[in-house]
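A, B, C and D are the chain letters, set down in written order, and residue numbers restart from 1 in every chain.
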């Protein structure tokens, strides 16, 4: 009893450093960028954005190059090939999100400094830290994918979350932003605590923090009459804690307020990065209890099932009532989490692949849409009302087209990328026999069509109200560029869905082999 | 083929073999296809000319030429025609085949079925068509700049469709013609399309006809169901075989076909369109709505007589409808003031006789009457047209008098008299014989109901004579007096302008034709030869009836002891009674409308003053309010239903149900709104509560024993 | 590149070119593209391999698009698909031509959307794969929504929204059913395969009650598009508000996607379900015929009238499909073409009037035969084609559909093709003949006959700058349609003949199923008689009714 | 055995305390409006979890629970820094620590 288990943690971590080159690159880049942001030289400060984007892209490439599913498998990563799909994917989309942030800077101050009318104030020209935080967050997501134990998972999740709290708070230190930050932070802390309690219970039930050992313990328990109540409780609390990250019911309540309060580019980040983290976390944790073999404890499946239905439905129904575009996107993001939860509830490898692909499709669509929306702004805030989009087709036809494409893809109109996401989730759920979930999914797609139609119709059809103050143009070209690139990808990538599907499938193939 | 029922209904006659001879395929007669093609070409050409706004009489002459050629072709066919029926395949139209046997194909080729009935019908259709087109070249000349080409396009379409109807080799081709003549009728009734009444009349004609067409179409379906074919050549060969379908289906066929016939020939409840159809130009009334198109119903029944013979009850219905329509229309005709309307009602009435004849089994009588009627009614209409043409559209017999004394209208008047005499079935006129054939079959029948119909027909003949001569005595005899109609163009004093050569020639030829139409009867009577019309019927599909009549005629000729009516043979009795009724009617008309015209008015006043029957004159003038009743019973309820349904569709189904369902998600979403109250703790509480609820649900489900 | 690819890719290319071309060039590029597509489609017709075979005939190498799911982008046609593609290819250039003067602003967008619509329709008709079919089927929504919402009438936004949501509602059921079927197949065969033929072959093996559900949902998907009675309320609004070109394509080919889908997928994939549900569908159809006709009767807006008439017409077409015999099926397909031509042409005619008078109100317009005789001629011709005058195209389809329905029962004597409908259905459906004549002639009476009525409120008669009567361009639009109407009415033989193999193939599973059903009913009746149960009478009545 | 029993009792006690800490944390978080107190409540929840980890580690004779606890403490410290920074920012803006004043964003 007094004998302690050998501490394998440190040694195994050392083995894994080889897997972490992309994250290391990102962390270094984050520091560099933070420092660059402090420079008084405007060109150096101006290079912060491009450098960040390049760093993210480079980390993606690095992930592709270093790869090493074998090394990961040897290190005990539950889904050794997951990183090979997720890291480049996250890097690609994160690059887009960073580009959407391109315009996010205290423009007035920058201009004033340029004219020598104001002294440089590193506390107000926040670009450097801001990008650094984003890079930290991205690094966190990447770290997650190679997590082997709960500690790593916890740390990586915190690395994802904490920078986003800051980004919301300092993004535009106005009252909505601060309100969003306070809600996000406190509720997030509570959810983290719940998750931690779940971890503790898992530990209690299995006696280990390492995923492979937990899996073995659960496997043994399942073989001898079912996973212990303590373990089920741990899984459940963990899942509920992670629901916060993916904005799933009932942990979604913060999302509308936070998304609305945060500046538009941050909203874009929020609707993607923490979501990926949450889903990866869920996959890893639930993977220990037989997610892909359909052996999840029944209560967990029921939880996922219920959460999926409620998340889809509440998200879409809520979105119908909104006037703020960001708030609508928040509800939309909730609904999409619901769709992905369907895949999780279906609980097959195929469904998992569908989820991973859906994350990608969702990310690409998010960049295209938010990039398009980011081309207009208002003094002291975002141009956030639907009416602000009126007449956009004249001022910015490209952005208009991309918003339309994004909305179509979100709705799931073929042959755009979003359609294939839904397609795969539906087929896998059907195959898993989850007909009820499929019906909810398609009905919810229908409901969602209504508010996406507003995104499509308003910029194309509506004429601006002559009494309203006109919106301003975002001086940065980066958002529209990102939007166009990702929007065209929505059209072009479907031609290559075959290859992408194959790639995604490899991401989850490995554990089957390992087992 | 079992025909026992029909023998029981006809006086002691045994049927000759009524099997329709088998048709031979005769591709060498393909030139007859031109009879179909020429009017079609003319129709296309006239349409193009109408579209290109060709001014001049070219369309008229083109039509006359093509119709004339058509007539010549028919004459040639008449001469070279073999004994039995022939089938002339021309082209494919609709054909299906999905198996080897009968009932595995639906063949409806563009083919002609030529027997004597066809030729007989085509002779007077194309002949009269040519003459009336000739008449119209002059009659329509004031429209040369407006609708002249359109008019002749209509006439050509009509002739094309009528040819398809009569000569077509299957029921579907007949249907094509059937609807085609409906289209022509629509176009021509609505010729003066700026007149709302004309437009309404055209619409009415087409729609009422469509009701009949519906029956015809369903009859065609049912025929195919029962017999597996709709081609005459096959159909009539197997018509007697036990049908594929149940008795109910087979029994229904003639009733459905009958409905089509009633629609086209303005019988029974579907007669209402024909009087209104007089809104069309008079040549149209003469050609389509008197002489030819309206006889299509007679043709249909004659053509499909083998199918009718299988259902004697259906023939009884035809007889009743025909007899009653004859009487009904005559009562209305007595009270009309518009010359063309009187002739229209007389047309309905005379068509009723034809149907009576068909129902009584004397297809010969019916066809003979059709033949004679075509001529004398065309003659009457053309003379009416001449009056209308001359008096700027005036046709009211209260405003015209003594036309026979106006120079230029003398010939018209005398031909009108000829037509009137014929219509009144004046003894030894052609119509006298043809009507006699029909009525004697009724009067001489064993069956009481047929006898009643026969006597009713005789009485109606009296009414016919009265109203016919009411018109003639009013308008053409008596002191000269006239008021011009509404179409006065020239200023200053009105001078009636008399018809010129084309109109006169047409009237003359048709008038002479009307006289000659009686020739077959004279021939039979005096030379004891076979009646030509009867000969034409022989060997055709109408032969069953012809056979019956042949026997009946033999019986009559032998003056056999049986079936005496009033101590005479049925024929003789009908002739005498018919003469008495006819001459009586004329004499009453002579007294009331020529000798003492005031007596007519005082009689009318006297009737109106009498209780119980005082409403009759007004009601008769208003056509017994049939249109109003139809309107109230059918149109208004449907129209109201339409509005109700539209309301339901728009406000309940669309705005209510559909939009309601559409907005339900946001309504449900509204329920959850209070949860997003904006306070940090309340979110925490809601989250915790949500987690608690989910956990409770899980626990509950788990405790209940599973998921 | 094969002609089939041209029909799909060229419009897309044209759309891209138009988007960047000068505004003035847009319509000419569109016209040229549609012309080339028409030529390519004709080339397909000429090069069609085997008119005697009902199989899909491949026109291109399969592009293994999504091999994991067995989805391949392979184009092919059977005669039915080819006829529908041809219909679309014929209507498109005419629509473009018809929009020349009507569309004045945002021309590039308009024609670009039109080209996208063209491509997706062509894709839907040419697809041999369920998912690519769905892609084409569904994507038509998008261009159409924008065509309605941007260039439509005053209620365009409501119309577009309703159109989008309602038809999206239908298509998610379609998608759901297809995916469910695919998943079932995968379960039993181990591989994903969305090839239509394979799916149908598999699905016909499913048990009857499964097929019942499958047909319910597949049918629901297509029913919205057709639209079937009670699911139709999007149509009058969408038709009414759409610009002329949009209305023409909406009526001409978009609605046909519904009936085509029934023909291509729903009926063959779930024949048991189709037979079981046929009475329900048929009842909805005959209700629609009467209902739509009566509503047409009281319309004031001529475009709305024609829109409602489409509901009734297509109901007849669907009735023909549910007759399950060759006559009905061929009639239905023929009717699709006819309706596309004649209703499309009527919308074009109405559009020409709207351009001149800016109203479609029959109370304000009338007697136009006096002012515009050439237009009146065409309008009258198409009206008569629409009401099924023999000799014009409408009749052939209408007659065959009705006849197919009429003979579709066990007693019909059509050994090979017994059905579950029969005369009772046909009797009511045939009332549509009269009702259609009624409302169409009322429309004709108001629009072209009678005294001239023109809206005078705008002070001058030709604000549009168009000639009084049709100009040569407009005549050029309508003439081909008129010629086709006549030709298809007088010489339907070739088309009918070529449709036959495909229809026979579609119908192959039905005779046995229907016969089995009749036998079962008869056996039940016989048994009931034999055992002399109290229910015997009821069962016999039912059995008789089902005949 | 008695040592084992004593261990078991200790572990049970520790777990009960952990649960209490966690529950008090939640209750406090839900009921208090002062942001600093709320933050402290989350810390309580964290520490509850940490205590549970340690107890379980003891139960399983495994040190990784304790390792985890150290990491939790570290992260909690980071979070505390973040929280205090945020609270100061908020306080500067509204001159109050009451979280209810931040409720402008809502439906």
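Methods note: a contact is a pair of C-beta atoms (placed from the backbone, for glycine too) under 8 Å apart; a residue touches a chain by one contact, two chains touch by 3 or more.
Just so you know, these numbers come straight off a predicted model, no measurement behind them.
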Comparing the two chain pairs, does A-C have more C-beta contacts than B-C, or is it the other way round? B-C
Using CA atom means as chain centres, which chain is nearest the centre of all the protein shown? C
Averaging C-alpha coordinates per chain, one finds the centres of chain B and chain C separated by a number of Å equal to 36
So the centre of each chain is just the mean of its C-alpha atoms; given that, what is the distance between chain A and chain C in Å? 44
Return the distance between the CA-based centres of chain B and chain D, expressed in whole Å. 98
Cα centre of chain A to Cα centre of chain D, whole Å, reads 26
Chain D: which residues touch two or more other chains? 26, 29, 38, 99, 102-107
Please output the residue numbers of chain A that touch at least 2 other chains, ranges allowed. 182-183, 186, 190, 194, 256-257, 321, 450
Going by residue number, chain C touches two or more other chains at 165
The chain pairs that touch are A-B, A-C, A-D, B-C, B-D
Partner chain A, residues of chain B touching it in the complex: 662, 665-666, 668-670, 672-673, 675-676, 678, 680, 683-684, 686-687, 689-691, 693-695, 697-698, 701-702, 706-707
Considering only the defined contacts, which chain C positions touch chain B in the complex? 162, 165-166, 230, 233-234, 236-237, 291, 294-299, 326-327, 330, 367, 369-370, 373-374, 377, 384, 389-391, 395-396, 399-400, 402-403, 406-407, 411-417, 423, 426-427, 430-431, 433-434, 437-438, 441-442, 444-445, 448-452, 490-493, 496, 500, 504
Which positions of chain D touch chain A when the two form their complex? 4, 7, 18, 22, 25-26, 29, 35, 38-39, 42, 45-46, 48-50, 52-53, 55-57, 59-65, 67-68, 71-72, 75, 78-79, 82-83, 86, 89-90, 93, 99, 102-107
Quick check: in the complex, which residue numbers of chain A touch chain B? 182-183, 186-187, 190-191, 194, 236, 240, 249-251, 253-254, 256-257, 298-299, 301-303, 306-307, 314, 316-321, 447, 450
Note: in the complex, chain B contacts chain C through residues 47, 50-51, 53, 91-96, 98-99, 103-104, 106, 172, 175-176, 178-180, 183, 186, 190, 193-194, 196, 198-200, 202-203, 206-207, 210-211, 213-214, 217-218, 220-222, 224-225, 228, 244-246, 249, 638-639, 641-643, 645-646, 649, 653-654, 658, 662
